[in-house]
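Chain nomenclature is as follows: A, B and C, assigned in order of appearance, with residue numbering initiated at 1 for each chain independently.
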Amino acid sequence: MMAPQYAPSLRTSLPVLAILLETVFVLLFAFFVSYDVVSSRPNELFYYTYADFQDVHVMVFLGFGFLATFLVRYGFSSSGFNLLIAVMAVQWATLLNGFFFSVKNEKIHINLKSLITANLCAASALISMGCVLGKTNPVQLLLMGLIEVTGFVLNQWIIHYFLGGDQVNIIMQLCLFGACFGVTLSWSLYRPGLETRHEKERSTLVLNLFCMMGTLFLWMFWPSFNSVLTEDTTKKMNAVFSTYFSLAASTVTTFGCSVLTSKKGKINVYHIHNATLAGGVAVGAAVTVIPEPWIAMTIGVIAGLISTLGLKYIKPHMKFAFDVHDTCGVLYVFGLPGIMGFVASIILQLVAATNLLVVLKDVVFQLTALSVTLTISLTLGMITGFLLKLNIWKPTQDKKCFDDQAFWEFPHLVMEL
Amino acid sequence: MMAPQYAPSLRTSLPVLAILLETVFVLLFAFFVSYDVVSSRPNELFYYTYADFQDVHVMVFLGFGFLATFLVRYGFSSSGFNLLIAVMAVQWATLLNGFFFSVKNEKIHINLKSLITANLCAASALISMGCVLGKTNPVQLLLMGLIEVTGFVLNQWIIHYFLGGDQVNIIMQLCLFGACFGVTLSWSLYRPGLETRHEKERSTLVLNLFCMMGTLFLWMFWPSFNSVLTEDTTKKMNAVFSTYFSLAASTVTTFGCSVLTSKKGKINVYHIHNATLAGGVAVGAAVTVIPEPWIAMTIGVIAGLISTLGLKYIKPHMKFAFDVHDTCGVLYVFGLPGIMGFVASIILQLVAATNLLVVLKDVVFQLTALSVTLTISLTLGMITGFLLKLNIWKPTQDKKCFDDQAFWEFPHLVMEL
Amino acid sequence: MMAPQYAPSLRTSLPVLAILLETVFVLLFAFFVSYDVVSSRPNELFYYTYADFQDVHVMVFLGFGFLATFLVRYGFSSSGFNLLIAVMAVQWATLLNGFFFSVKNEKIHINLKSLITANLCAASALISMGCVLGKTNPVQLLLMGLIEVTGFVLNQWIIHYFLGGDQVNIIMQLCLFGACFGVTLSWSLYRPGLETRHEKERSTLVLNLFCMMGTLFLWMFWPSFNSVLTEDTTKKMNAVFSTYFSLAASTVTTFGCSVLTSKKGKINVYHIHNATLAGGVAVGAAVTVIPEPWIAMTIGVIAGLISTLGLKYIKPHMKFAFDVHDTCGVLYVFGLPGIMGFVASIILQLVAATNLLVVLKDVVFQLTALSVTLTISLTLGMITGFLLKLNIWKPTQDKKCFDDQAFWEFPHLVMEL
């Protein structure tokens, strides 16, 4: 049988799924969700300000959206699907967070904190999306987003209720969960037909500038990202400063390391787009326990190093050795730096310990929580991958991967420019 | 007589108009405007924060500027004229709002509220501009901007003083006034020579990404737009949340509906750029009376539906049946969703009524106010169109429409890229 | 000897310098810098808000980064080196400001004010960078950045301690210092080989849109820039409003003046990108002494005029008459408008004087401070230029100037788009 000339039409599946989901969301919101009365929580606007929320909001919709626009024929899918998955994930996460964490027999209240948390859950799904971008259709991405968010919230709940600890660091969790879920998802979805580099998996100068814009928006607002849920003013400001200086250090390191590992002594544009963010990821895992700015900078240096070296030396081998094709290099930007930050946070807590027993107990809790997170995310990613492989989702054929034309209509487009 | 080879030079008209206007502005400001003393209004900074103002400011100058950059040879005029018209409109609106609404015998005070209001008036003019973009020169656009802002402020004043009501919803008014003014303006300026699609009325992949950036900035900050003039904290936050979830719902609907109405089952990029914003427009008209998030979402779904279907089925016919060539589809993004939001707001008020008589009186007031707005905007747009048609403004000839080269000098430009 | 075919490799020099600098920074931070305890300064968060800081942060990293992306083959170096130099300058400025201005025998405290000041110092270095962009490699730019920041902080310290005055206007200082340093630096680095216009010193339509984006971000947030260090609420808001209306006036003037000076009566895109900002620069020098909005607007009109005329008539002659090749036209955007604003500020103080003697004393102090700034910046720029000319920095050969390919590796790039 000959391969079909066009990508499978989404005319039935996407509208049905989209409208069904939105109807379910409206119904669930009608029964379970209401607005919060701010006066009942006088400190709400002080702790979680609208400006902080806006920074995170810009990161999720603009930053992640444009970070992935580098593919030569995939600019629209990158930014457009990012928007679609993000709005779905935010609505779903608002519901799930309410069901799992709200007071019983009370309506779920929407307030700045719930909206910020929902945006963080969406960020987790968008990180996973980076692994499979170009190789999935929007229906598959929507399903992935829903499952990822469900898994992420469930994971938070398990840690909270079964391990009985305080709320663990959601920033670290979302980076790790998203990256691990994405990597095994990508492994499940591996296609031998894409083994050699796809002809459309390339970039252009101009698209790289859009990607640089996405990177800069993530980079500039990462201090808000890492500090947005911290309530104590001094701790919040220290989280901002730690992130700021860690990002600065990882940026300098990335420039140096990128040149050093290049035979021609040139800077790899791909490293600058990605590894410069590693400092923000790594420090996010340790943000509450960093006592001095130089420690944040040291973490940034190591994160930049790990991320650049990972992108340079590990990424190309993962494809051939482990069948993992990670489009945006998520493992090296969010995965490894996240784990490194976690280790740094453990070390910092042990060093600062006055009562070693209490700290040891806390470390054991954190290691257990980490194991739970890794287990759930890796397993769920793999299962999701097998689910998405089913033919009912009409996956795009290999030669139509990385191509906007499979999903987008461009009336009146001048193709030559 | 042969058609001239070049577009008419603006060497006399634009500088004279620009410098004359700015001189008049400086003189009027010198006599009538002064800075406010913040301490005299202790709550000013609490009610209208600088960060909220900045969001609206970014929408006006960056959002609207880049939303219209999709035309293949008109990127500069879109973003540049947006800047020019906006700065003019803000200065003029500051003066007019002062003259019409300030306390008698007192100087007009500049403060955050007056600047926010002036930006909203500018937004109204920029919406109208979207209808005639590509078919007007900057001198015509400047005149249009001044007349539109004058009409809009006059309209507010008439409603305020003659109908004796409270200040009506300025957000709804600006969307409706701008769209209606623009549509009849576009009708008056109709040129049979542009009946078939203009060869330059096309787009490119990269310009569509700039347009996507504009869309995203409007989309992300629309919650600020709808809540910026609300003073009560709880109501302000609820306006934010209503707008947020309405936008999310209209985005999902637009994706679904765009695919459903496409023969090939593909997403129309033009719908994503425009109809995703319809939820924000519609909920803006009802923002103070929405009691639950699911109602905002329902409004968003309907708005997304109306906007996508309008862009798909009504827009192409408007050109041939009614001689209206609406470059950016303003009627379907700001016009119809605005009216739909107004209807929703009336229904919500009737449903929630405890004292039906009071509510009915209010509904009659609102319907009268709407009629006044529609009458003034439609009439003024038509008159402005006939005025702008005069040869003294040296309109661009048909073949130079939609072309930056008519107005812009690009020294040292590499044309092939 | 034949000229080498490739640009000199930076494989040794850039990594060594980057990693050495970052190590020194980490060590110095370890010994001298710590986080501030916010509770010890209750007003910190009121005076210097995080949202204001973010606006300045966005200007430094995104605004300046994209303002310079107009060169056809230099988009990456423009935005990428901007990031590298900025992170270096911020770290170095944090240390220097601490060493020069902190309380003796106490650690340097990082807080919002210190981070804002460090960003302003970085802005100064980025302004200088605009003069030599395209003709320097990243190693030279790093050295330039470090020397410029050192000179700038030293200059502030000299004025503070030797002239015994209050802190002078840092906004004016940074614009003037950056521009003057850059101009003599560019003079020292003059290459006869670049006398005729370089083939790569051109632009494209799309890159000009990125540049427009950079311009708009600087333009939109300039009110935050000029007001960020003002502590009194009324003065802060007035600084915002003065800047806003001055920018509006200079934008209108630039459009008019650009058309007027064009033979064909067209708008020069280069003037819109640059001269529209002149109003913000000029008013920055006088921001604390402007009593009425119309005065800010008048300053804006004059600044727009000076800047446009400078770019049009003086810039082309500077290259041939004085051997100054100023890539981004920094002298006409930051230099001349800054001096004009300084003069305006002196006049305003003399006019408003109630006690002429006190004011005269203050004027003499300001003129002395200005002389010191001009002397230090012009001299240091020249010396830095001669230092950077040394062959150990491996300057790029003439034909590799203005070319990303000298420094950047683009794996998998489609060159034709």
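Assume contacts are C-beta pairs under 8 Å (C-beta built on N, C-alpha and C of every residue); 3 or more make two chains touch, one makes a residue touch a chain.
This one's a predicted model, so the numbers in the text were calculated from it and none came from an experiment.
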Type of chain A:chain B copy interface by residue overlap (half), same or different: different
Rotation angle superposing chain B onto its copy chain C by C-alpha atoms, nearest 5 degrees: 120
Whole-Å gap between the CA centroids of chain A and chain B: 35
Multi-chain contact residues (two or more partners), chain A: 51, 206, 213
Contacting residues of chain B [partner chain C, same complex]: 6, 9-12, 14-15, 17-19, 21-22, 25-27, 29-30, 33-39, 45, 50-51, 54, 57-58, 61-62, 65-66, 69, 75-76, 79-80, 83-84, 87-88, 90-91, 110-112, 115, 138, 206-207, 210, 213, 404, 407-414, 417
Chain A to chain C touching residues, read off their complex: 51-52, 55, 72, 197, 201-206, 208-209, 212-213, 216-217, 219-221, 224, 233-234, 237-238, 240-241, 244-245, 247-249, 251-253, 255-257, 259-260, 262, 264-270, 272, 276, 291-294, 297-298, 301
